[in-house]
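Please go over the structures that come below.
Here chain A shows up in two complexes: once beside chain B, once beside chain C.
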Partner chain A sequence: MTSHWCDFQNADVILHCGSNSAENHPVSAKWLNRAHERGAKWIVVDPRYTRTAELADIYCPIRSGTDIAFYGGLCNYIIEHDLWQHDYVLNYTNASYLLDPDYGFDPATGLYSGFDADSATYSNRSWHYQVESESHWDTAPGGAYAWAAAPGVPAFTPPTVEHPKRDMTLADPLCVWQQFKKHYSRYDLDTVCAICGMDKETLELVYATYAASGAPDKSGTILYALGQTQHTYGAQNTRAMCIVQLLLGNIGMAGGGVNALRGEPNVQGATDMGMMVNEHPAYLKWPNTTDRKSLRDWMESQTYADGYYTNKPKFLVSSLKEWWGEHATADNDYGYDWWPKVHAGGLADTIIPSFEMMEQGKIRGYFNWGMNPANSAPNTANVRQCMSNLDWLVVVDQVATESATFWKAPDMDPASIDTTVFLLPCALIFEKPGLILNSGRWIQYRHQAVEPWDEAKPDYEICDLLWREIRALYEAEGGANPAPVLNAKWDYYVDGKIDPRPVAWALNGYRVDGTDFARAEVDLCSGYGELAADGSTACAMWIYTGFWANSEAPLDPEKQACCRRGHEDPSGLGLYSNWSFSWPSNRRILYNRASADPAGRPWSADKVLVEWTGEAWKTFDQPDFVAAQGGVPVPPNDNAFFMLWEQNARLESYAMEDGPLPEHYEPFESPTDVNPLNGAFSSPCIRFADYPSTKRGTNEEYPIAATTYSVVEHWQTGGQTRMCPALIEAMPTQFIELSPELAAEKGIKAGDKVRVWNNRGSAVVDCVITHRFKPMTVNGKLTHLVGMTHHFGWAGVYATSESMVNDLTPNVGDPNTQVPEYKAFLVDIEKA
Partner chain B sequence: MAEKAILFDTSQCSGCKGCQAACKCWNDLPSPTALNADAPSFTGTYQNPPDLSGVTRLVMTFSEEQGGPKGIKWAFGRRSCQHCGDAPCATICPAGAIFVDEATGLVTTDAARCIGCRFCASACPFDVPRYAGDRGVINKCTGCVDRVANGLAPACVTTCQPGALSFGDRDEMVARAEERAAVLRERGYADAVAYGADEVGGLHVIQVLKYGAAAHGQRPDPAVNPAVQLTQVMKPVTGAVTGLTVAGLAAMFALGAGYKRDRRAYNPATGDTLDVDTREVIKHGDGQDTESVKEHILENLPRRKGGDHE
Partner chain C sequence: MTLSRRGFFKATGAALAATMAYEVTAASPALAVEASGDWKLVNTEEYTNICCYCAGGCGSLCSVRDGELVNLEGDPDHPINEGGLCPKGAAMLQLRNVVDPATGAVSKNADRVTKPLVRRPGAADWEPISWHDAIKEIARKVKETRDATFVEVEDGLTVNRCEGIASLGGSQQNSEEEYLILKMMRSLGLVAIDNQARV
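This part shows the complex of A and B:
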């Protein structure tokens, strides 16, 4: 989230698209209701009428998988009706930047410039800006970048600052604005309605209502979740939302932002910690075999020429110091070479290819920790077959999940499976102390409430036991590559027992001199500005620095910022800056510089986050810009997005794998045969579509568009919630929702079981026949939509089910993230 | 303590059923889960379980109707005790097992006194009290008077995240409901009403019903069966002899309400509840020793006011 949960109350317009927060994030409703009571307009765009839609003012149906058409149409509407926020777009985005003369997009092929058909990838060379002039870092003593040449700092050639060529009149045909306008001019209302399936009147109402947040003093928030991301163009969906919010000047405003509603209590924390295969903790990149082969390569390819990420070397070296401790020295590049290197592209080892590698015998053993892919991965029929090729499988979970019992699935033959399965019971959240981080980036400490059940242990304790055994083996026997194991710093003990508090010191960062973990003496850093690239500081998570900075009481969580419980709110906007700690730097609303105009005057007198008084910045939130340097106030400038080297936000972005602007493509399996917007039909960069296991179905065989989702009564694969009788009683089964029209066509009545199938699998589920799903006309063809919940499986005690809904979902992925396409695929149905 | 009420604003309800689950948890009520069976009780809607029962005091209802500005009206409703001002269940209860909590006006229960006669179920204009067969007692919302007496809100209210449920002085709840209904009407929900201020002597669950009473499963004009008042004539006559009261009222009520009910009798010597016709023990009492029999009889004499934990 760029803002936080409480900030929803400040919105003037709320847009849910690809999320159902009243249902799946119940606490959000508290803050949304407050905005609504104040008079905010509330819009829900969703394939079905959800519980959130019932709370909202406007409901707009949409065919699953067509969000970019919807957002592209909104961009076009905003431009056509001149509803974009001119000063914001001109000064705070790259609208005025001139693109490379080779830049182009061809609607006939649906391809941007730079496509290589053989590898199905793009070269982004032509998506970059034209350069006006260049400048260089001043690393001389006393210069702004003197630190880069200081003793102990790894040698690297600082990047050259390329100042893009700009046209502040926005008239140049090669400027981002003109290209942008041209691109989305194709997304007219009729085309969007034909693709997405809603009626024009509703679409116009949605567009007009949301675009009203483009008034400088108004803010609109977009709430999204997996309905946006689980597509073969999920990352582009997210980009589309960002672009809309930039056009309307909603990023950085209280009540604005692009807000990812995370589906698990700590999933934001997991993301920060490097959940993505290619991301090192705190959004740095792992070494690879191309542009990050050595520490020097890393510094030169990753360090931004301008903006805050000029400091990346400090964060990386501090991280290395935490990984390897005293073994990390300037002479050995701080141990950089001990880190593993990710494959080219960095994403070859994500979940979908993992199973492919099991099938090929490349992966022989598998740690399955805190997830349940035999239930939650796409194409689970394929997953359990692949798992049966493993020699061993370790499942760490609170209950015996489908993954732990994959060999017991109704279609499996246990006698023919040789996999040894170990189930390590782990403690529930309330059975261990530790840190948790919510969608609003708040870090909080949770005390232990009860002892773990029976032999269950906290995950970190299981980790520690494994670590000690593995390290002992390497010590005794050596091995292929012992250095990383033997040199790793692993001293997170209190009284000889593994403990989350020393881990907190490591995450927060500290000065190496003056710190002795064994004696619980730590010289903690109070902000990441204190981190250095010369090996004098250690920090595993630079973005968290400050959350645990009280060196006087390093063992007492209650005396750390993450445990603060202050109710003060001088802003009147629900920032609650003294409640817990929000990364980075306790900043509650990211990009808050953009809440004020270029002269530093707030766009809205009611939503003041930062304000230039003429002499200094008056701030209610931690400024997300350089407000002062060396104690001297820095007068307002246009650098509202200083985490990018341009320091302006990107309407057009060269950093995406699959195109600089979001373009509508059809899902891997689509109910229509036409893409009126381009000749590519589906994404040219779609991943894994060539795997035989994906078994693509056509809309002739499977005419019904399907999607999947959660209900509030259950959580994820149901491992925990299906153990709770009150929740089973509240929602006892998995079901398919379908319209009365489709039910009549198929002879299905309330109370019937329904068989749902496609090439990948078949599931028998209960049914909910409801007008909340409506047939729609897609490109002139009557199209039925259905949706299914996915919380059930054969494992567990209560309400088990022989059928696995994820047997039906396709194992294809987004080219940027490789997130699977759970949200749009094809099926057929019949009365079971 | 001033008269209290729960306020339920359907326009702020997300239908999450947190209240339903919290009610189960606080009151330690079981949830039937058929082992490894494929959901025998699924209703084909989001409304699960389908209705109140001997183990369920609160159910969220989900009613769908086409129409309205969004094309569909999905009315969430709260199906539970409304805590009537003139509570017919308390009036008719021969054993003092259902009574009005003086401090709050909430209609609460004392299961230990319940003889399982189920007159309350017949008398209720909202069809709320349910018989828990295995325990031989009536089950209904107690208003969490135990929590309220200790300064807390009822469990359902505390758990409500969207803020659809509130708890406070009844006057204030009524005023807020009226105000909110007016806002909703202004916002295009023409049928929005406040409900509960005057019904059945004034309810202690006040509701804001976005689509009107019927759409949310509420009776637009709830009425108490006149037989309930009629039974009052009998009460002084039969007096403290509970067993006789039961028999007498059973006959009268069955006649007046048109119900054919099982007839029950209470044996003060053993504490057992008997079926009058078959003489079978339906519920074993705890009055096995002299002291507890005496206590039981005393408890059943003049009706005491107050909650379970005096």
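This part shows the complex of A and C:
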């Protein structure tokens, strides 16, 4: 989220698209009710009339998987009706930047310039800006970048600062604005309605209502969830939302932002931690075999020429120093080479292809830490088969999940499966202490209330037992390069016992001199500005620095910022800056510089986050820009997005894999045969579609468009909620929702069981015949949509089911993220 | 008898308004944690916690008596949820303790696994294993697989990659645990690391 839960109350317009707060984030929905009570307009765009739609002012049905057509039409509407926020767009975005003369998009092919058909990838060369002039870092003593040439700092050639050519009149045909306008001029209301299956009058009402948030003093918030991301163009969906918000000047405003309603308790923490193939903690990139082959390569390819990410070398060296401790020295590149290097591209080892590698016998051992892919991964019929090739599987969980028991699935023969499976029981959240982050980036603390029951153990203790045993084996026997195993610093003990508190020191960061973990003496850093690239500081997670910075009481969580419980709110905007700690730097609303105009005057007198008084910045929130340097206030400028090297936000972005502007493509499996907007039909960069296991179905065989979602009583694969009798009592089964029209067509009556199937699998579920789904006309053809919940499986004691809904979902992925397309696929149905 | 601050609040609240949501839900047999007629939160210690479901970060209060969790409810001081919890959050106690509706007896949730288990090749069911043996066996398998699939140098480049093991998950753990999992897996050389954020 760019803002946080309590900020929703400040919105003037609310747009839910691909999310359902009232059902899936119910408590947070109260902040939307508060905005609504104050007069905010509330819009829900969703394939189904959800519980959130019931609360809203406007409900607009949409065919699942057509969000970019919807947003593209909104962009066009905003431009045609001149509703964009001119000063914001001109000064804070790259609208005025001139693009490379080779930049282009061809609607006939649906391709941008730079496409390579053989690899189905783009070269982004022509998506870059024209360069006006260049400048260089001053690394001489006393220079702004003197640190880069200081002793101990790894040698690297600093990047050249390119100053893009700009046309502040926005008239040049090659400027981003003109290209942008041209691109979305194709997205007229009739075309959007045909693709999305919408009613034109409703769509216009939605557009007019939301675009009203483009008034400088108004803010609109877009709330999204997996309904936006689980598509083969999910990352472009999120880009589309960003672009709309930039056009309307809604990013950085209280009550604005692009807000992911995240669904796992600490998924924010896991994302921050970079627990993904290509990622390094705190939004840095992991070493690879292409542009990050060495520490020097990393510095040169990753360090931004301008903006805050000029500091990346400090963050990486501090991370290496915390990882390897005394073994990390300037002479050995701080141990950089001990980190494994991911394969080129970094995609081959993500969740979808990992099952292919099990099938091929390449992956032989598997850890599942509280995750249940045999229920939650797409195409679970394939997942079970692939997992049966494993030599061993370790599941750390509180229940015997479908993954732990994949060999017991109704269609499996245990006698023929040679996998050794260990199930290690873990402690519950109130049986251990520790840190958890919410979707608004608040770092909060869980206090241990009771001891783990029976033999269950906290995950940190399980890690420690395993690691000490593995290390002992390498110490005693040697083996494949033991150095990384033996050199990793692992000294997170208090009184001889593994303890999360020293890990908190590691995450926060500390000065190496003056720190002795064994004696619980630690010189903690109070902000990431203190981190250095010369090995003098150690920090695993630079964005968190400051959350646990009290060196006087490093073992007492109560004395750290993350445990604060202050309710003070001088802004009146619900920032609650004295409650816990929000990364980075306790900032509550990201990009808050953009809440004020280029002269530093707040766009809205009622929503003041930062304000230039003429002499200094008055701030209610931690400034997300350079407000002062060396104690001297820095007057306002247009660097409102200083985490990018341009320091302006990107309407057009060269950083995406599948195109610089979001373009509508159809899902991998689509109920329509035409794409009126371009000749590519589905995304030209779709990933994994060539796997035989995806078993693509056509709309001739499977004419019904399907999607999946959750209910309030259950959570994800149901491992936790299906073990709670109260929740099973409230929601005992999984079901399909379908319209009365489709039910009549198929001869299905309320109370019937329904078989849902496609090439990948078949599931028998209960049925709910409901007006919440309505048939829609898509490109002139009557189209039925259905939806299914996905919380059940064969494992467990209560409310088990033979059928696995995710047997039906396709294992294809987004080219940027490899997130699977759970939200739009094809099925047929019949009375079971 | 000592009353904690929250215990006192609840006691007064219950006396004044029998229709409080808390009382209504407690009337359901499935949620009737305590059959005694005494005030529910008498003689308890409170610990704040954060919900284990969505990423709202709602605060909860865990009430403990004699080392056992006797109540869990929304933290009224928490700025996000202001004391409220959704149905899942309100039922978190049942992850540990459930009540027999017939007798009112409190027992540990039978669906929870609380001892290590192992399933041997070809077997149709689990068998028990001690923590000691499970850790020994897993560490041995990790080493065997790592040693067999490790690529130290590829095309002249040091890659230190363990290709034969994958690790999945992390969004359920606390952040310190995420770091330990990541540090262990990366130090072994794993690249196939993913978590719920990918799906």
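Criterion: the second predicted complex is superposed on the first by the 832 of 832 C-alpha atoms of A that agree within 3 Å, B and C clash if a C-alpha of one lies under 4 Å from a C-alpha of the other, contacts with A are read in each partner's own complex, and residues count from 1 in each chain.
Basically, a contact is a pair of C-beta atoms (placed from the backbone, for glycine too) under 8 Å apart; a residue touches a chain by one contact, two chains touch by 3 or more.
None of these values were measured; they are calculated from a predicted model.
In the superposition on chain A, A:423 makes contact with chain C only, while chain B stays out of contact range. When both complexes are overlaid on chain A, the residue A:771 reaches chain B alone and has no touch with chain C. Once chain A of one complex is fitted onto chain A of the other, the partner contacts of A:460 are limited to chain C, with no touch recorded for chain B. After overlaying the two complexes on the shared chain, residue contacts for A:729 are found with chain B and with chain C alike. Touch criterion met: A:26 reaches chain B and chain C at once. In the superposition on chain A, A:107 contacts neither chain B nor chain C. A count of residues in chain A touched by chain B and by chain C gives the higher number to C.
By the touch criterion defined above, A:354 reaches chain C but does not reach chain B.
Residue contacts after overlaying the shared chain place A:713 against chain B and chain C alike.
Applying the stated contact rule after C-alpha superposition, one finds that A:265 touches chain C and leaves chain B untouched.
Within chain A, the residues touching chain B in one complex and chain C in the other are 26-27, 30, 712-713, 725-727, 729-730, 797-798. Residues of chain C touching chain A in their complex: 28, 30-31, 47-59, 62, 64, 67-69, 72, 74, 77, 79-82, 84-89, 91-92, 94-96, 98, 108-124, 126, 129, 131, 134-143, 145-150, 152, 154-155, 157-199. Considering their complex, residues 22-23, 26-27, 29-30, 33-34, 49, 51-59, 711-713, 725-733, 735, 750-751, 766-772, 774, 797-802 of chain A touch chain B.
Within the complex, the chain B residues that touch chain A are 11-12, 14-18, 20-21, 24-25, 30-33, 35-42, 44-46, 48-49, 56, 64, 66, 69-72, 74, 76, 161-164, 187.
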